[in-house]
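Going in written order, the chains are labelled A, B and C, and every chain counts its residues from 1.
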Amino acid sequence: MLARIGNSLFWLGRYIERSEHLARYAKVQYASFMDSPLAPSKEFVLESILNMGGMYQSYLSQYPELSEDEVIHYVTIAENNAFSVQANIGYMRENARGARDRISSELWEAINIFYHDINNYSASRLQYEGVHQFSHKVEVNSSIIKGCIDNTLIRNEAWILISLGIHLERAIQVALIMLNKVYDIEKLDASNLGGPVESYQWAIMLKSAESFDMYKRYHPEKKSSYSELNFLLFNQDFPKSLAYNLQKVQGNIRKIAFRDQRNSDSIEFKAGKIASQFQYLTMDEVEGSLTGFLNETVANLNNLAALLEQKYLCF
Amino acid sequence: MNKFYDIIYHTHNTYDGPVKEATFAFLVAPYQDALQTVSNVTYTNSLGEEGYQFRNPFGFPVKCIHSTKGFTEFEFSMTAQVEKKPNLFISNGQLSVEQEQEILSSPKTLIDHHLYLEFSHYTTINPSFFDRVLFRPEGQTIFNFLQGLNGHIYKMLKFDPEPTHVHTTVNEVLQLGRGVCQDYVHMFIAMARLNKIPCRYVSGYLNQGGELVGSAVMHAWVEAYLPQQGWFGFDPTNNLLTDVNYIKAAHGSDYSDCSPIKGVLKTSGGNKTVYGVKVIPVPMEENSQQ
Amino acid sequence: MGVGSIQNNSAEVFGNYELKPEFLDEVFSDERKPNDHYRKVLDYFAHLSAQDFKALNDHTKLSFFNQGVTFAVYSDKAKGVERIFPYDLFPRIIPAAEWARLEKGLIQRNLAINHFIHDIYNKKQILRDGKVPAELIFSSKNYTKAMLGVKPVGGIYNHISGTDLIKHSDGQYYVLEDNVRVPSGISYVLANREAMKRTLFNLFRKFQVRTVQDYTQQLLSIMHSVAPEGAETPTCVLLTPGLYNSAYFEHAFLAMDMGIHLVEGRDLFVDKNFLFMKTIYGPHRVDVVYRRVDDDFLDPLLFNPDSVLGVAGLMAAYREGNVTLLNAPGTGAADDKAVYSYVPDMIRYYLNEEPILNNVHTYRCEIDADYKYVIENMHNLVIKPVDESGGYGILVGSKATQEEISNFKDVIRQNRRKYIAQPIMALTRHPTFIENENQFEPRHIDLRAYTLLGKDKQFVLKGGLSRVALTKGSLIVNSSQGGGSKDTWVLAE
């Protein structure tokens, strides 16, 4: 497999997850504001959405204020935003096109149809249908694409690299969701801390990671930030948790069997180190310095991705 | 009398941005032929790459270096030893003017030497400059004409390294009236070919004078085809016929076939090149025989 | 005046079908009766209404679009604009005997061209014998000195050729053009067959149509046959200029179907005169390259130094015999429309045979007598530049205004070597479904046939790309300017 193609497949996986998470996050935050007395202000929500995409500064440099329509438009389909959901879907498709001969026709068609649909999304349609419809479309197509990946690709390097991209990016995105929510909660009035307003935010966190239902089933009795964070960080069996995804990352790296000495510089070693952290750490150990821990994790994952690219996916 | 030389070619390149991947091709080694015996050709480079060689379309050996090491500086040198035999004496030969012309215009000549009769962007003279072109008068032999052409160009141009560069065409040189050896050679080639005389660009080394040693640059001259006699060298830059002081490296249709160094690099930003050549005559042993 | 003898629903879509005496229609004879091999098609179509046709048409378009069977037209600079290659439902049928002759003629012609290319880069005997003017060949901008003395594996230069043929009003096939550099279009042939099978399967199975699906297998086998010696299981790749090339879909399609790597210049490098590709596990040697990159961009060390599409040192590796390139560089010297007029002479010279396929009479403006004739008869001629493709730069004398003709005369005068002229051929016509009119109308048609040459093997695709000029009355069928295509059926008997 060409290094460049490997790179495209890796990033294909990453962009699938990235666009899905950004779309879902916008949808969930926006809905949160609409339907509950516990909801924070409109500005609170819009800021949170922009932060998730790392677009707060760039938005403010182009628009005078946080307006609902502008922010939603900016995050989803604005042409002047290189990191919008639409842009990410464009990159996803470009990477698929570059690796066209390594993926199945079914997968390619699913991606291509999705791309053309989102590419032609007009501002008026977005206004009329709302961010909920838009995001739902993104989530549904993302599922179809992942279904094709799962069902039509032989488990060779192509599948392994896409899978690696998906799980790595998912881990990063879930960590970012958690970081954002911690940050959001810190902005709440002190009077609201510890009460239903705060709990509502933690519930939003779970919904943003599409984990609310499973969490309730897994912890019917509990409702505390401790167990919710624990669920998303350390649960070995839940596909959105960091522990689960990092296991997958490690496994995929092993399967690729890159020729490298198993020394502390190797990809395998570094991936293993992060994954096992999540195998054996407990919530108690990280609760006190959650933000720091999450930031460190995101940094480690980005470093891992950079190392992977530099060593094997470079051309 | 045979002459012996040590030839050194050296280049030092520096780059603004790091070079991620590079391929260099050097066409600088003296060429082994009937008049030149070449030995101990050695290549060294600052990247410690072994490199490899291939023969270019004209049959000359090119030293090639491919590297992914990543660098901002690159040094390369070639050294060789050459023993030069003097040319045979050439003049008008045995043929009459009519016989010479018959051979030149024969299909055989046109086909065998088409590479040295065609015109490129370097060697196409605009018809508006035809009054400055020397056309062979009827009845003149080729050798005499070429000698005349040599002088014609030598007088027409002034040697000046400033205004021209590697891509300069003969029309630009005609306008400037100045140039370096490359430009003199292109001019000679352009005019000789307009007179249907096959003519090739030669790149190599010139022993500057006597037993003097000094840093210099590579030199360029011409080889023209004399029917029945073969290829013979002219140096329009100095209005001389080539002799034992001219050490040939390669020939081609024009400069683009002979460029001593070519590089394809993955980098950003600019670069600086410093190159130098040494042609060192080796004094003969006191009691060696000729 | 319509084709009255066809009843049922056909009146809806064939009711206004116009026959003209000066053009042969491939489906209907001049008594408005369908030619034998088309009878079954018309019977089948009789059951379909105009609405049905429109629906089938739309369905096929969508299918092509979703699959990405698109291309970009050069003059469109808008971002992300992809066009579907228009496809027409009415298949073009070629009976077996007619095809057999075509096939023999194609092999003969391409073998002769191959001999010619070898000759002009080695002994140049045909030039010495005065059969082809030496000056014509040496002055071609595609004559590549880097090919002098090269001995490619199996002596093959012209591995893949696309021969453009037309049928004239005399019922004979004529070769319009030879394309031996980087001919394209095969993916549309294969996509059209797929589309035909999906939409009109019931019609398709009424005939015994020879397959086109074997093309890629044959091509791969050709590639293997010309691999350098010592390469036991040769590594073959397809070199593409990349995503933004107008024919990218085809590059990807072919690579996939053959099961070979699709690579770009940046994936390759040359070291020690061998070609390698950069894989995730490190460098891997490459033996055969099917390159869809033009000569000038192949090797920045030798040709265009600014090219990022090629590989530095590739030509050296090729000359050393360590890698095979399909097609060989420098084949363009035989691709030139001026050289085309000598192909029948090449057949006689190298093969000692009479040409099976006809050339169209060609006037070379470089030659004084021809030039005089051309200038005096421009309104009856098609004038073409020798070195452009895609239908650009052509003047069809009968369709041009006085002013256009006068301007073109100036253009020719300034560069006579660049222009040739041919009599306007009366291309046959074929019923094509015109969307806006919701009916079938006759359109001029040609055929691009694909021939493969390998070491001791030859293969001609049983079919080809039948191209129709979508503009009413237009004779320029080439795809870059908005033509369309039909599935081409070569019958087994």
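Definition applied: a residue touches a chain if its C-beta (ideal position, glycine included) is under 8 Å from a C-beta of that chain, and two chains touch if they have at least 3 such contacts.
These figures come from a predicted structure and were not determined experimentally.
Looking at the partners of chain A and chain B together, the chains they share are C. Each chain's centre was taken as the mean of its CA atoms, and the one lying most distant from chain C is A.
Relative to the centroid of every protein C-alpha atom shown, the closest chain centre, again from C-alpha atoms, is found for C.
One finds 63 Å separating the Cα centroids of chain A and chain B. Per-chain CA centroids place chain B at a distance of 43 Å from chain C. Inter-chain centre distance (chain A to chain C, centres taken as mean C-alpha positions): 47 Å.
Those residues of chain A lying in contact with chain C across their complex are 1-4, 6, 94, 97-98, 100-101, 105, 108-109, 112-113, 116, 119, 157, 256, 258-259, 312-315. Those residues of chain C whose C-beta lies close enough to touch chain B in the complex are 124, 127-128, 130, 134-135, 138-139, 145-149, 269-273, 300-301, 305, 312-313, 316-317, 319-320.
The touching residues of chain B, counted against chain C in their complex, run 21, 23, 25, 52, 54-57, 62, 64, 66, 68, 107-108, 110-111, 114-115, 118, 253, 257, 262, 264.
Those residues of chain C whose C-beta lies close enough to touch chain A in the complex are 65-68, 80, 243, 248, 252, 255-256, 261-264, 266-267, 277-282.
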